[in-house]
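Note sheet for the following structure.
By letter and in written order, the chains are A, B, C, D, E and F; residue numbering begins at 1 in each of them.
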């Protein structure tokens, strides 16, 4: 039929589509059907981030996915960090980023910078992309309406916070109004003091508090590897207990640790499945949710076919 | 991801899907997106019928399409006839079908037979297929709640009726309860006398009364032909005025006439688009609604790309 | 006051009414008052059937009763069988009905015939009568939306089914839209195979699943007899335990057995009262519900005055 | 069936009912059916009053009627006066009632007495009777929430008021909560000064403001007479224009004038029908609404059969 | 800003306000803020009565307070007695009031008088004042909808009743419609017999039945005194146990006993706080609810600052 | 009464309150009453900004006012700019702010800085203060959901935008969920390009689009002066036509021009009143809304007392 005026139609899309037969297309749509039926009305929390995601083309593809997921009745909450961009502005301002055990030492000025970058730049870019692609989005800071209640992790790190409690009421209100909340992970304590919070950890805690069906990490790796050195050893699906064991025995390392630990905690806390996806694959989110063949690692209470 | 337990997975599907890349699949889903957004909350009236549709495999594919369309928020009303099956039972009962100008002469006994076949057999088969595939359906006769108010066409045809009025309230009620109405086109007059109604005409009248976005005829031809003798002359899209002209100059013939005339009247009466599709193409309905390349003829107020 | 245009006014009615004084009329209305108040918002499942009910005059009186009961806020579900009509069509088609222990042996062709007759003829006649008298009705088959989930009773009987489960959601939806569901008792199993179900048994199971206030059998006998040979021994009211005992000691016989057994099971399963009424008495349903003097047998958890 | 525990069953009722056959009862119920269907959801304003209504037996019968009308979905508003009772208390208090052109001269003390009697005695008796019979009722004064906005008729009459405006919001609120408002016709002006208002006039104004279907005067005469001297000349039905003419030519006289004039104004203002009934006939209200043969005079826009 | 046209502006108000600075006003408003937030959506039952409250100026101030409390979302129920006014009318009618242990002996005639005075005079005056000041109010008798179910206290007292049960549904319905119920404390038994009920006791029972946040007695004393002879010994706040002890040891006397006992029972029955205020202080109700410094005695489960 | 635990109680407050009598407090509360009633359910758009507002003590007082206004049912939308803070960060980053006719020349880098400061710093500070004081707030950028649709003002100014259209749906959604939207005035065009928008102008446009009752500018001057040189010439109230004339004849100058022009346009566009208040007066907002004596200039369609 004729294209609706708002239809996106990149040239490459045309090429790919031309190659596919009506039968091919029908198969894909029919494959998606049971998933669409199954996930309608559920909530999906997606952590968007990592270097590979920074480009505006990537962001556009991601926004398209969010729009499609919402159009079939899935509630989406986007969570993001922004470490690289914070570092960049600090350097422009002549400040020297300092880290203790991988965590940024955050004085009052650095906190202000982090907040400006996360809320005023990274968050706005994501909100803007979603709005442009047709998903009315609202930027939310973890400070809003007590969403992320935090306390200081340790004095030497300054304003780096751990989550004490998640109060997801504001997210539920926005979802009820069919808006996509985009969360910058700044938290605050009862006295109004702000803290910078790890976005991987915050994503899991939010998913758990919302009773989400899915928690998805969009990363720039292919997924979780059985052998951290071997790209080909990506695990397609594993149980939460197996992942817990991998963390314990050191098979999970580096930046993957907070993601893996959050996956474990979220699934144990009632989230249906947690996913670590390769965000560099175009439409990774869509493919994971709507097709039988995944594009990363899925963690559930048990191993599933 | 893992298949939901309710996922249909025929062997042929597996073959086709295996051949497609993640990118292929993503393209199809992304192509479908603007249409899904556009048609959510609209109503589609589909006339299901014709010889090619009789098989239960065809019916299963059709039911899958209805389930998918509903799962993305499109309200579906199915309308059907059943001429061949009526004739078959008449012959078993030793009655000789008789026609005047292509219309079956319908005495009281024939009307009873028609009603038993349409409501008790054809309608049940469609309702059963929809229910089995996950779309809770309810059989409705045009006699229910004054849906199809009819009067006798001519005494010599007996209980063959023309539509005086459509009262779509019962369809709206069923749609509001998320049920798929399946309409057998028996009408009745104020005194409760039943009449057999042409299903093509009834489909158009129902679409108009509901203010449907789409009226779709699933037929066993490729679409409307510019040259009735030339299979390759199928028209992809044309305006309602052009179709009106083709009817007037005799370019449309035979069983296509009530369909074409109903398309014209429905679009003039406010229905968004009318479609004559090749129901033999698997998932024709799905492809027409969700892809840019149609599988038949589309009629709109103007010609569209 | 002046008669509303839709008022039915048969000549006999006029006669009877003329004989009654204003005081008489007032007494009847006042007697009905506490029952109207008591039954508003409750559900009544009525099995309509039997030879005496076949005439269209009987059907009109029954439809009037349904309209009146609904007009004071009682939800009505009508259930029906149609054995005699099935036999009749089988004979016209040259098939010889065969019975094993009173149950019709049902091959695939017989099932098709049964379905056509029940759904396409008997059901339509009842729906039509209700619609004509002002109660918007919808025909429902037990196959719809998994209403009657069945399995084969025994291979030698073919497609005769026992009820495994009742899923009354579709009835609740229709009642919510103020429609009267009229149920033809064809069931189906998970694979979509249809079975013919005993309508007496189905009525009781549906009443139980809906938590109905009343289950009413309209029959062509005066009620349950203490002595099966003695017409004058009709029992006005008895407890469910007493009826259970009568079934056990053989006092209940023949076609009354499935009705009596269903009454017992329904009342034990939470239905308020079960009634076996003489459907040949005009307006039997109305009189039973709205007057102090019943017209048949009432079964409750205890004997009531 | 067995009597519900709340069933009223006076001995005379038992007698009358015993005399009636099942067929008789059925006829009455069936006659009532179209009216029950027609009046569900409409509003009926009834002026209760007059000498014949004063007894508590009359009041009980009236309360039963209100309960029955409500039980079939008719919203009832009761309006009453109480002239005789006011006079009685004045005399006990040693005051001499004084009248100018049939209207009671009302000084401040008399107004207090009138208010105490109307609101504290007559209103309470009606409210109490309704509550006892099962219709939750609430006493309302025309002073409440600006229901009856009044101004002084003439200085010599003191606190006798004419209605300036009716604000029926409070009645709608009470009806929405399924309560029966019982209105004492004391009005007030913007400054909070109370006035005694003619109850016949107030009834009509309230019916008009509510867009009532019916306005009913329960009186102690048989109805409106063509010849004021001739009891047998009661008019069964007449048009609003005919009644207007009768008022103009003096055929309507005495206490009937405000009733007749209010009937005319109410029907012209949109009320469906106005009725002047003989309240001494037991269940007059019920019989008028639910039977074809009325018990008084009905006024409509045209003469109806 | 400019005054709204409906603004009350007595001359004394102008004087007082002129003396206050903007800062003063802001402080008062800011002090009130947390209380406004805290009490929104709660229910306050206030017993209005006593000699000092009889004047219409007092009533106006009270009505203003009710309007303000409602305007910030507090549900108000007003309860009143009217002993002095009953006595007055009895004397005018030549009856001699007779008391046994402080309770009025109430024969049938006296009950009628009491009802007329309470419902028809005192209740109307309060309802009228509330309506005039902008709080739509409805007069309710304890007889309405079974609000106060009573039984005779003792034969020698005649129609003096004790409360058996409170059915607050009618109050909830009125509050839901944003109306202020004003309750005259006449109760009735199942047979419809009315009884005069002590208003202090009824207030407490109603507060308990509604699960009110506050029960307030507006009296003409400064509050509860530690030493009944010493005006300066007013207790600002005490626990329910302490009050219970004071009643037991006789420290509470006379007309204060039913108030104090009702405070104890209400707080033990779940009411948040009970208050005995000096109703002679203008806007006592307002000051108690919205300022930190109270104007009487507050009773809670424990002593609070 | 006892203070709720959440009550703010600064020492100065205690002092001021101690000085006031109960009568004083009552007068203030009573004065506020008609305004509370009048403004419940209306919308107030407040532009927060200017140098005097920058301190966190000022912000706390402002947040208290917002909480109080909301607690009595007024919907609040806060709009803010942040010129000084943008300039400050630019300087820290070594950029030289450049102005053309008072407007900041905004290149892509400056736009990024402006957005970070407005959305990530100023907006967060206001949102944080509101949340801390008990008003759940959500930061919104004019880019969200098409709130502020903008186009470039002139090429030489770069990314400085004029408002083409306001789509207030997102604000309505947030207000419906009882959240306080805090708007940073970045707009965007259809292609997603962001622009910096004058906050004074945006406030007026938003108030108009929402049909607000009030538009309030909190500034650091006493109000609008008749004589720009004379502090004592502050105008208390004037008509929109008079203000229009003052703009035309140059009596309004400098930074007051966009405020004054927006006041004129908003009031002409349907906003009830526009106010220019002295934000340095503690609780200026509260005093203006709830007391008869204002603290600045009010603009209405006509001059009001």
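Just so we're on the same page, contacts are C-beta pairs under 8 Å (C-beta built on N, C-alpha and C of every residue); 3 or more make two chains touch, one makes a residue touch a chain.
Keep in mind that what you see is a predicted model, and the values were worked out from it rather than measured.
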Query: Fewest touch steps from subunit B to subunit C?
result: 1
- prompt: So which chains are sitting against subunit E and subunit F at once?
  reply: none
- request: Select, from A-F and C-D, the pair of chains that is joined by more C-beta pairs in contact.
  value: C-D
Far-end chain from subunit D, centres as C-alpha averages: A
Field: Computed distance of Cα centres, subunit F from subunit B, in Å
entry: 58
Message: Using mean CA coordinates as chain centres, what's the gap between subunit C and subunit F in Å?
response: 70
Query: What is the distance, in whole Å, between the centres of subunit A and subunit F, each centre taken as the mean of its C-alpha atoms?
result: 35
Field: Distance between chain centroids, defined by C-alpha means - subunit C, subunit D (Å)
entry: 43
Statement: Flagged in subunit E as touching 2+ other chains are none
Field: Touch-based graph of the chains, sorted into line, ring, star, complete or other
entry: ring
Statement: Within their complex, subunit E touches subunit D through residues 89, 92-93, 112, 115-121, 123-124, 127-129, 131-132, 136-141, 143-146, 170, 173-174, 176-177, 179, 186, 188, 191-192, 194
Query: Inside the complex, what are the residues of subunit E that reach subunit F?
result: 1-4, 6-9, 13, 16-17, 19-20, 22-38, 40, 64, 67-68, 71-73, 134, 237, 273, 275, 281-283, 286-295, 298, 300, 304-305
